[in-house]
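Here come two complexes built around subunit A, the first alongside subunit B, the second alongside subunit C.
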Partner chain A sequence: MFDNEELLKETKSQALNSETVGNIHVDDPRIIAKNINVFYGDKPAINNASIDIGKNEVLAMIGPSGCGKSTFLRCLNRMNDTIDTCRVEGELFLDNENILDKKTDVVSLRAKVGMVFQKPNPFPKSIYDNVAYGPKIHGMAKNKIELDEIVFKSLDKAGLFEEVKDRLDAPGTSISGGQQQRLCIARTIAVSPEVILMDEPCSALDPIATAKIEELIYDLKKNFTIVIVTHAMQQAARVSQRTAYFHLGNLVEVGPTSKIFTTPQHKLTESYITGRFG
Partner chain B sequence: MNNLKSRIAKEKRFKAYGIISITTALTLLTILFISIFSQGYTAFQETRIQLPVYFDQEILDPNKTNDWNKIKKANFNGLVKQSIRNLFPEVSGRSNKRKLYKIISSSAEYQIRNIVNNDLSIIGSKQNIWVLADDDVDMLIKGNINRNLPENERRIDDQELMWIEYLESENLIKKVFNKTLFTSGDSSESEQSGILVALLGSLYALLITLVLSFPIGIATAVYLEEFAPKDNKFVDFIEVNINNLAAVPSIIFGLLGLAIFLNFFEMPRSAPLVGGMVLSLMTLPRIIIPARAALKSVPPSIREGALGLGASNVQAVFNHVLPIATPGMLTGTIIGMAQALGESAPLLIIGMVAFIVDIPQGFTDPATTLPVQIFLWADTPERGFVERTAAVIMVLLIFLVLMNSLAIYLRKKFEKNIT
Partner chain C sequence: MNMTVILITLVLLAASSYYVGLKKSVSIQKSEKLHSAPIYHGSLIAIYSLIVSLLFISMWRLFENYLYPEFSLSKNLIFFLSLLVFLITALIVFLKIEKNFRAREKVENIIEIFLLICSTVAILITIGILLSVIFEATRFFSMVPITDFLFGTHWSPQIPIREDQVGSSGAFGAIPLFTGTFLIAFIAMIIAGPIGLMSAIYMSEYATKKTRDIIKPLTEILAGIPTVVYGFFAVIVVAPFIRSSGEYFGLNIASESALAAGLVMGIMIIPFVSSISDDVINAVPQNLKDGSLGVGATKSETIVKVIIPAALPGIIGGLLLAISRAIGETMIVVMAAGMSANLTANPLEAVTTVTVQILVLLVGDQEFDSPKTLAAFALGLVLFFMTLILNYVALNIVRKYREQYE
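Showing the complex of A and B:
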């Protein structure tokens, strides 16, 4: 992990005291996170993180393992609710509504903020049913024709329709890993969310499948706000407009991707970018 | 080199141990099956003797009333005796005649009575009727009594043997499929006894068990696994107790049933209803534990995927988790039911161990179950009951094999849908 003891000490002290470097604000925010603190039991996982996420932008979150980037992502659609010991403090506005409020309806929130997971997790049902499930439970289609339309459109947007149009009845688990991940994206798109969260969506895929997903992200950006957590820095550089760097639960630096990867302001960011720890 | 050699030898040795234990188990199982089948297969046949019956108007209906209510009080026993005498006219003397009558089962009288009841016009005619032979004759015909033994060592003496051999030479005696075994209840005469009471009792009790323990067990498992608060002392307490209940000897459940269902609620004794309730107490933990294991084995990613789409907790569980867990839950249930089918101890306590002749008409009529019937008949020394005991064991085994095959079939079928 670390090159030497000295750097370790240095980063620890810096991480504890640091304020976020760079510009956390955007002109046209869809999500505004203010002073987010997350704890697992008594153990803090995220320390006072504040960031805006703009409309139609791709925000990449990078950082070493265990830095809290996935935890932060899961705050955005309250998936952390499923973990009993997890506690989230702070304010998180989606379209001017505080989604951390106890009164927020998690079901409709998750319909607005979709999520794609690290490992492709299609339901053990047919390809068609995988995509149709979301629209069905949210009552988005009045009849079979409307449902067909939603399913076909979503598969098409995910770039999967041509590949699977002859076998929509085949189980979703029968297609390749990359196709499964695109199926999961199609499933998420089908409920027409505003934001799509992606938790290392390519970590289980080969380079060709990864390239396809990245192309897809590029296309999806026109209609959706995308927040992507990734381990691959090149991927962050390729797909995102802005990048946020997390370190030991702190949001260390936020800025335009090009700037982060060329002229990082914070020493920790620089160390991570140049591969001195990972 | 040496290391490799010893490693290979070790592996071979371990394989050999495995093969030896499997062979031992299979051999023992084969011996068990052979001993049961060789004793029991004869029970599926019964011996019948052809009796030339003259439906004498004088005996049955001397006043020519043609009224069944009068005829049914006639001396059918005498009619049967007369018919036997007709078959062997040379037999004389009271004790000889009494011995002669005994080669026919005492049920012959009722069989002939039924024939008359079905068709009154038969009165006055002569018919050849195949009536049931006595169990000793049955045993001799099936070879369970050795004819070559000296007379004082066998249950059939020389004179009876002569009569039977005469019947054999005239083709007046034959073995047919044993319908009696499947259509009658218990009897003190082995040739007239059957397992219908036990079969129905088992069926009724199992139905009650299924209806009670399946929904309650599955609901408990789903709640504890999916909805119950984690790290809650009360939930932990319940979990520990369910696991303990699975290890409680079944006879304790019988005592519980006796104290609560019979003595406190005053429910009927010997009834399949109470039997089923006791068996469901016993089966519940055996359903809950495998059902929870099946739910636990559903990958959390499926649940997260559903929640991430905006499904509610209930939707995620019922639309995605439960269908995947179904094969495991069904397998657990069927194996629990199979155990309940083979259970006898708790049923003894609540009085399902009784001599019951009448076929139960419902859940509250007294009945026995198959394992209890085995217990009852295994207790009787007569040779006729020995083969019948083995026959019930065979019937029970067939049911168990069927249920377990169903469990395997369902598991395979649902697994195919998932992967």
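Showing the complex of A and C:
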């Protein structure tokens, strides 16, 4: 046995002002984050994080609670704008455009960078209307037939169509938690985003529903870039190609998932992965 | 010896009996383990004796006042008898105190019964009010046919004393009153509904915390202004304003109009609509809003397509509560809309409402055998049922809303 508090004290001093270990760059980046700093009021939440996110890859972000991984994720589609006290500094490029720029149109950004949330949050509308919501807003379908096609395709891609095809008029809140989460994924992919952000998408689900979502993530990778925040390390190991480890607002280590989970270079990453804290 | 002295004495006795019970159980506790804590033994003696002696007094009063007046005793005797009852009860409970005596359970039971009584008081009083109104209203309906009352279109409640008296036909058609009531409530809701809802949307979705902290309390001040003050406002500011702007367009508007009363009433009920709507809009979970924003919806799209539909039942509930408030309002109407019972849908004319007529009928000298006075109760009964139904519907909608996200 070891003394957790001692360990935490030690790791705190290690974490401060440390450079990110591992290769943060990829050959074919979709998103490039440069020197991202986030503050809630005066309190820093993310410290100078830089990372590339590649095309058609699944990047997993792991780390103990409060380490800033969700905050970083929410920077990628400017969801942090909804929090009054939150301030983001740095540069974030998506298709050569700095999305942190004040001039960026947040609405079209969020259509390009979709998000799936921790708790399934279907609207209190029918299953069909849940999926049709985004396409309708963005005027993606000229008529009902096109809209039907988008809705059915999205449900199909989310692996939900077979289960709900007979009750598309049922309220989105009437299906099971796992189905609801896949409905939310269908809703997100209905507006054909380029990037999908997932904030602990399975934390409210049972193991079977979780397995389904993980399979889905694996399939979605072909068409989308996916960034997933997760607390379950096995999940990160199963679904992702690259893993980023956050600790107390610092991006500590980035690397191929296989490497992070077998031979982590940073001491903090190793302690987290071996379960010394979390 | 008057009742106050008796009561004070009993309460003092209860306090000392509490102490006695406490003492005895504490002394038992020194050697043995008690079932209940000492304070329960003390409380039980005090509460039991007090209840029994008070019951005794009230039973006795009932007995001598209504049943056998000839047995009337002097007040002093009652006083001593009640003290005796108190002491006997206290002694009985005192003797029962021992280590296995379950005082705690008994005290808890008494508390439960007491709470039950408190919670039924409101219901019983409502039933009482209803019965008294129904009783007088049936007397009215025995003089005036109920169909004449509910479907008559002419309201002129003066009963003629002489054959040839002018303006006293004794007609009790309530339709003009109800149309007047609904006209004014309708105007009020046209004002309060949109303004209240919009301000709720602004406060819950757009305003910064600072702005909200300023605007919300200020809006709620509107609800605290006495209605008679709104009446002044209607008479002195709004009615002349409507009149002069009507003249500008060549309209001849009476200085008392449904519009003036409705406008001011609308202002009065804005806070009902806005603060209930604000609450239900805030109750829409943040993750629903995030979900909508997350697929690229704008703030206003999110509000119109997700937040309002989700909050709609609650908002409707708030609107219905505001309507029942508008229907019951009297003072503004008396001052601004007049008292003449016109059957009209024109908001520029003077109208009157149910509550105003109740007031008019009951002010001054009354005889409780004339239909004029009793008509007030019939009006009250109908009004009671209308607001009851509205409140019932409103509460049900609000309850349904609660189930939606849980």
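Before moving on, here are some points about what is shown:
One rule holds for everything that comes next: the second predicted complex is superposed on the first by the 274 of 278 C-alpha atoms of A that agree within 3 Å, B and C clash if a C-alpha of one lies under 4 Å from a C-alpha of the other, contacts with A are read in each partner's own complex, and residues count from 1 in each chain.
We adopt the following convention: a residue touches a chain if its C-beta (ideal position, glycine included) is under 8 Å from a C-beta of that chain, and two chains touch if they have at least 3 such contacts.
Keep in mind that this is a model prediction, so the values were computed, not measured.
Partners subunit B and subunit C, brought together by superposition on subunit A, clash. Once the two complexes are laid over each other on the shared chain, residue contacts for A:254 go to neither subunit B nor subunit C.
When the two structures are aligned on the shared chain, A:58 is found in touch with neither subunit B nor subunit C. In the superposition on chain A, A:108 makes contact with both subunit B and subunit C. When the shared chain is aligned, subunit B and subunit C each come close enough to touch A:84. Judged by the document's definition of touching, subunit A residues 77, 79, 82, 84, 107-111, 114-117, 119, 121-124, 133-134, 137-138, 173, 184, 187-188, 191 lie at the interface with subunit B and also at the interface with subunit C. Interface residues of subunit B, counted against subunit A in their complex, comprise 229-231, 299, 301-312, 315, 319-320, 323-324, 417-419. Those residues of subunit C whose C-beta lies close enough to touch subunit A in the complex are 208-209, 285, 287-298, 301, 305-306, 309-310, 404-405. Taken together, the subunit A residues at the contact with subunit C in this complex read 77, 79, 82, 84, 107-112, 114-119, 121-125, 133-134, 137-138, 173, 184, 187-188, 190-191.
Residues of subunit A touching subunit B in their complex: 77, 79, 82, 84, 107-111, 114-117, 119, 121-124, 133-134, 137-138, 171, 173, 184, 187-188, 191.
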